[in-house]
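By letter and in written order, the chains are A, B, C and D; residue numbering begins at 1 in each of them.
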Amino acid sequence: MANKPDRKKRYSLMVRFRHNKVAFVSLIILILIFIVTIFAPVFTSYSPTSGTLSQRLQAPSFTAPSEGASPHYLGTDQQGRDVLSRLIYGARVSLKVGFVVAIVGALIGITVGMLAGYFGGWTDMIIMRLVDIQASSPTLLIALTFVMVLGPGERNLIIALLINSWTLFCRMARSQVLIIRGSAMVESGHAIGAGNKRIVFRHIMPNIISPLITTFVMELAHFINAEANLSFLGFGVQPPTSSWGLMIGEGRQYITNAWWIVLFPGIMIGITVLCLNLVGNWVREEFDPLAVKR
Amino acid sequence: MDNTPQSILSVKDLSTSFFLRDGEVKAVDGISFHINKGEVLALVGESGSGKTVTALSILRLIVWPPGKTISGSVVLDGQNLFELPMSEMRNVRGSGIAMILQEPMSSLNPSMTIGAQIMEAVEINQGLKGQEAKQKAIEMLNVVRIPSPEKRFYNYPHELSGGMKQRIMIAIALSCQPKVLIADEPTCSLDVTIQAQVLDLMKQLRKEIDMTIMFITSDLGIVAEMADRVAIMYAGQLIEITDVFTLFENPAHPYTKGIVGSIHDMKRGGALNIIPGDPPNLMHLPSGCKFHPRCEHRQEICKTQEPAYTNLAGDGAHWIRCHFPLGRQQEAEKGDQHDGNG
Amino acid sequence: MGMGKYILQRLAFTVVVILGVSIMIFLITHVIGDPVAVMLPLQASEEQRVALTAQLGLDKPILEQLGIFLSDAARLDFGISWWQRVPCINVVMEKMPATLLLVTLACLIAVVVAIPLGIAAAYKPGSLIDRLLTGGSLLGISLPPFWIGLMLMLVFAVGLGWLPTSGIGSWRHVVLPAVTLAFNPAGHLAQIVRFEMIQQLASNYVLTARSKGVKEIVILFRHALKNIMTSAITMLGSDYAKLVGGLCATVEVVFGWPGFGHLVTDTIHNLDFPLLQTEVFFVAVFVCLLNLLIDILYAFFDPRIRY
Amino acid sequence: MNNTPEKGTTAMEPLVSLRNLKKYFPIGGGLLKKAKSNVHAVDDVNLDIRERETLGLVGESGCGKTTIGRLALKLLPKTEGEIYFRGQDIYKYNPDQEKKFRQQAQLIFQDSFSSFDSRNRIGDIIGEPLIVHNIAQGSELEDRVAELLKTVGLKTDLMYEYPHTLAAGQKQCVGIARSIALRPSFIVADEPISALDVSVRAMVLNLMKSLQTSQDLTYMFISHDIRVVRWLSSHLAVMYLGKLVEYGETEEVFNNRLHPYTEALLNAVPIEDPRDRDIEKSILLGEVPSPVDPPPGCRFAPRCKLAKERCRQENPVLEERRPGHLVACFENYHGDSEI
């Protein structure tokens, strides 16, 4: 009810972006990256995995290498593969690993965290001790142990990263639930006789969602970075598949005479992670339900 | 001329605005008043009426962005503070004007002992050093009736109760030996019995050391206890200024009458007289007199024309910003004339 | 609670963590992974397999194996490295100092650069220096360190020839890797110092200090700095632990720095199970002790914390 | 229910009675460890509130007045004792009875705004109790909400606004509208005006008083401001550190202060007329001790000028000293000058 005259639309997204152009531009860039990645074949005619050896280590240029072919705008790599094409297809791997890990981590972490926060007592204590232990343990090395035992590859990389993906969501969800659960809002829900279900789904959930979105965006950035690190060391996707981290790892021997192989994937990682961080910061500032509204 | 009160602090036409996302907020809008040596002036108003901003503007502690003092002058003991360079202004803070803030919980540095914080004020404003400064600080703890001051000297703020912390704040302010002390709602977060203790302490100290105090509060009970003269603020403007007895017995501004009346009604029982409407929204202030939407005596002119700040009594003691002061039609006209001539 | 009792409690927790980590590593290497398959060539016969299984003690019940593994670990006996044929503990100990030097230097650079800049930015929010710092710190945490390293190498070693591209030896070798590693913690530190400092400068006690005539520089460094130290130490400590705990690997690889991170990478490429177990164990102990040290520092900076 | 503390004041059965009510909050314990100590928030309190009465509950922070309010509405688990609503123990209700009780008993918050889900419009906030109890829907709901807004003196088109756009007094009125939506008989008002400015306090107080008559309400009015309590309440209960120290009809208590703490509270209130400023008042010294491990004997003894050896050892019981006027004090204190 009470929805009819909607004179003052509070959640109008454009209005919210009005004061933060940087965040707006970041979001546009991220959307562009996603579109290009999804429709990769539209944007490049070269194969990301096979190249022409005669065309190896070509510098970026706007002239076509042969009749009818498109230019190697960002040059070619040590095997004569188009860097732009590898960059676009490589984004698929980087983003896929980032998203899968962040989504699964969020699902597990938020569920467990909400349970801990809502039930308290034993459930809370056991879960939080687990989180504490995890926080004090060398998670990166444990992930690497997984990779060693299972062998490198995209699937195993995702499994390895998943070990550490849930704790932050868990802490976040729990603390948010605890804050909201102790709030006057929930107390008033009890006072008017609203049931637990109504309180959880109508009042608690909508109010903890935006800090969790922030966490999700930040963690997405974190895992894209982590994937790049591990792929760089050769523990991620295996050649000839392309990924941003792997491109840098493979190209670094040629850095003295072919800087472009290393430069562009690094810029891509940087831009993606930077934009995610900016958008995450903005979500935190703008949608925080606990911050006092002007 | 011995008995003529001597003005020690005079504020003229002070305006401070905050420039926010959605526009300018005139937190303090052209206020003028003065404080005489040795008196307590109470600055009274509701939240958002500009009391604290006035105090911070006087000390030039408004932080830009978003706040800025746009116009006005503040003269302390013959010296115009707004013309001083920042480095000299710093010397005025403390020894010229000291301030007690309203939240004793957060007004002390949590990672410094209270002794060190009092000593700092002593060192800066009294020029004492080392052991001497420490002795002085302990003496100040004694002055504000802190038991076993030698031990308390080494306490951190979190080890003290709210009432104790406010005493420490008073000790710090007094250590500056200021010409004027500004107390910004020093008791509003304290329990009633502790509030009574702190007010009692301030009253006693006032007798012991001849202090000039600007007391900011929203509680008229505290005004009745402490003040010599009272300045009432509404929506960033001073709307009435007079001595405390006139204010309680014969207020001239409808708003003042409203808030004073609510105390008396409370004692009588029966329905309370109310000031209708809501406190002003500083983002969207009404035209004309800022109080007119809530005023029972409003006339057409109140909606369009902002009343001037006029002298009611003619001797400079009772000033008011209202077209139709209560029960004083004639005098008001006289006042207007007087103002027009001068 | 006394400090001593608190430290004992924390040490007990450390033991729990290390036990947990050890069990986890054991399970990963012995239940998910198969050491025998890794050690023998693909064409090995069934007899060879059985013999090696017995030699490694893998024919015993899994719980007994775990018991043996834990009791050996308690005596710091992690067996012989399959790859280097020397006791694992020696290999790790040999590589650790180089990494500690590198990471400590990197964190020092971060502190020296980020704290003053963070304070300056917080003092005038929205100013040029604030915008530069905000942008710079975001870049510092967004750009992958190995890429930063390669770019620095391209400019300062390959292009200008001022510094060596890789290896270890003189102080000149350590400059590039240390600077590279400093970007990330410096970014984190600058952000947290700026954020916390803005909060402190808006707080009432700073207003009190100003109203008693304290100089701005004294307010910043005597009053406010101590109150932001707990957050700064938390952030720096966590970054230090992460760098030592393997995050330094990419940069060590880029600059051919023979440290712990480099060792971890080689260990994995060589499928050296016992060596990796040793490394994990080592880092677990290191991280726990570091956290304990940080907790003790808290009490020093914040009188409200008493254990 | 035989040990009703006030005998013979009225024959009417009380609407709400608290019997030997205790609430301790454990601190310092874990799940495995036993709590090291307890905050004695409410310690053995007996109180009756009759229909259409207003009980004013006063005391300083930490005296347990807020906790009693929450316990009376079953918003907190109790430690010991019973709370009866219309003669039934509310902590022994079955779910159906509990749902009925929630319609009957409501809460007004100190800061209503914090109790609103800021994502909802005013209409949704006031209408939620009606939805929860399946009382109204659709256009009927909207009519009821409009009516409620009128009852509390607000414009009906406020229902389409979001709470943060309202002034503080309006927010409080919306809170009151929500609490009377179910036509309750008992309302706990927890410091409903202490966060408000002077000029809007009167409005909220007038509203509460007029609603009491028009809606047949019984109030438990929790406040630290004894002046306001005097204006609104028919009965007064003074609390100190978890204990009830004095109880009676408001004017009776004001005119015959039998407990030194009540006297001190009255003395602590700032004067109402500047001409009284030179009247010597005795100021209560010291501070409220921690409710963790409260002092033995009478809890007020450490601050009490009259305290004797006995006060520091024995715990005074609430007893009827004048008709309908109970006090817990060993000394025969009697302050009867006009206040």
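Everything that follows uses one rule, which is that a contact is a pair of C-beta atoms (placed from the backbone, for glycine too) under 8 Å apart; a residue touches a chain by one contact, two chains touch by 3 or more.
Keep in mind the model is a prediction, meaning the values are calculated, not measured.
Peer 1: Contact counts by the stated rule: is the higher one at A-D or B-D?
Peer 2: B-D
Peer 1: Relative to chain D, which chain's C-alpha centre is the most remote?
Peer 2: Relative to chain D, the chain whose C-alpha centre sits farthest away is C.
Peer 1: Taking each chain's centre as the mean of its CA atoms, how far is chain A from chain B in angstrom?
Peer 2: Going by mean C-alpha positions, chain A sits 53 Å from chain B.
Peer 1: So, what's the distance in Å between the C-alpha centres of chain D and chain C?
Peer 2: The computed centroid separation for chain C versus chain D comes out at 55 Å.
Peer 1: State, to the nearest whole Å, the distance from the C-alpha centre of chain B to the C-alpha centre of chain D.
Peer 2: The mean C-alpha positions of chain B and chain D differ by 33 Å.
Peer 1: Specify, in ascending order, the residues of chain C that touch 2 or more different other chains.
Peer 2: Where chain C is concerned, no single residue meets two or more other chains.
Peer 1: Which stretch or stretches of chain A touch chain C in the complex?
Peer 2: Result: residues 132-133, 136-142, 144-150, 221, 225, 228-229, 232-235, 245, 248-249, 252, 255-256, 259, 262-263, 265-266, 269-270, 273-274, 277-278 of chain A touch chain C.
Peer 1: Okay, in this complex, where on chain C does chain A touch?
Peer 2: 13-14, 16-17, 20-21, 24-25, 28-29, 32-33, 138-139, 141-148, 150-151, 153-154, 158, 242, 245-247, 249-250, 253-254, 264-265, 267-269, 271, 273, 276-277, 279-280, 283-284, 287-288, 291
Peer 1: If we count contacts the way the header does, which residues on chain B are in touch with chain D in the complex?
Peer 2: Against chain D, chain B makes touches at 46-47, 161, 163-164, 191-197, 199-200, 218-227, 244-245, 248, 255, 258-259, 262-267, 269, 271-276, 278-279, 281.
Peer 1: So in the complex, which bits of chain D are touching chain A?
Peer 2: Contact set of chain D toward chain A: 30-31, 73, 75, 98-99, 102-103, 106-107, 109, 111, 114-119, 121-124, 127-129, 132-133, 138, 141-142, 145, 159-162, 164-165, 178, 181-182.
Peer 1: Provide the residue numbers of chain D that touch chain B in the complex, in ascending order.
Peer 2: Touch list, chain D to chain B: 60-61, 167-170, 197-203, 205-206, 209-210, 224-228, 230-231, 264-265, 267-277, 281, 283-285, 287-288.
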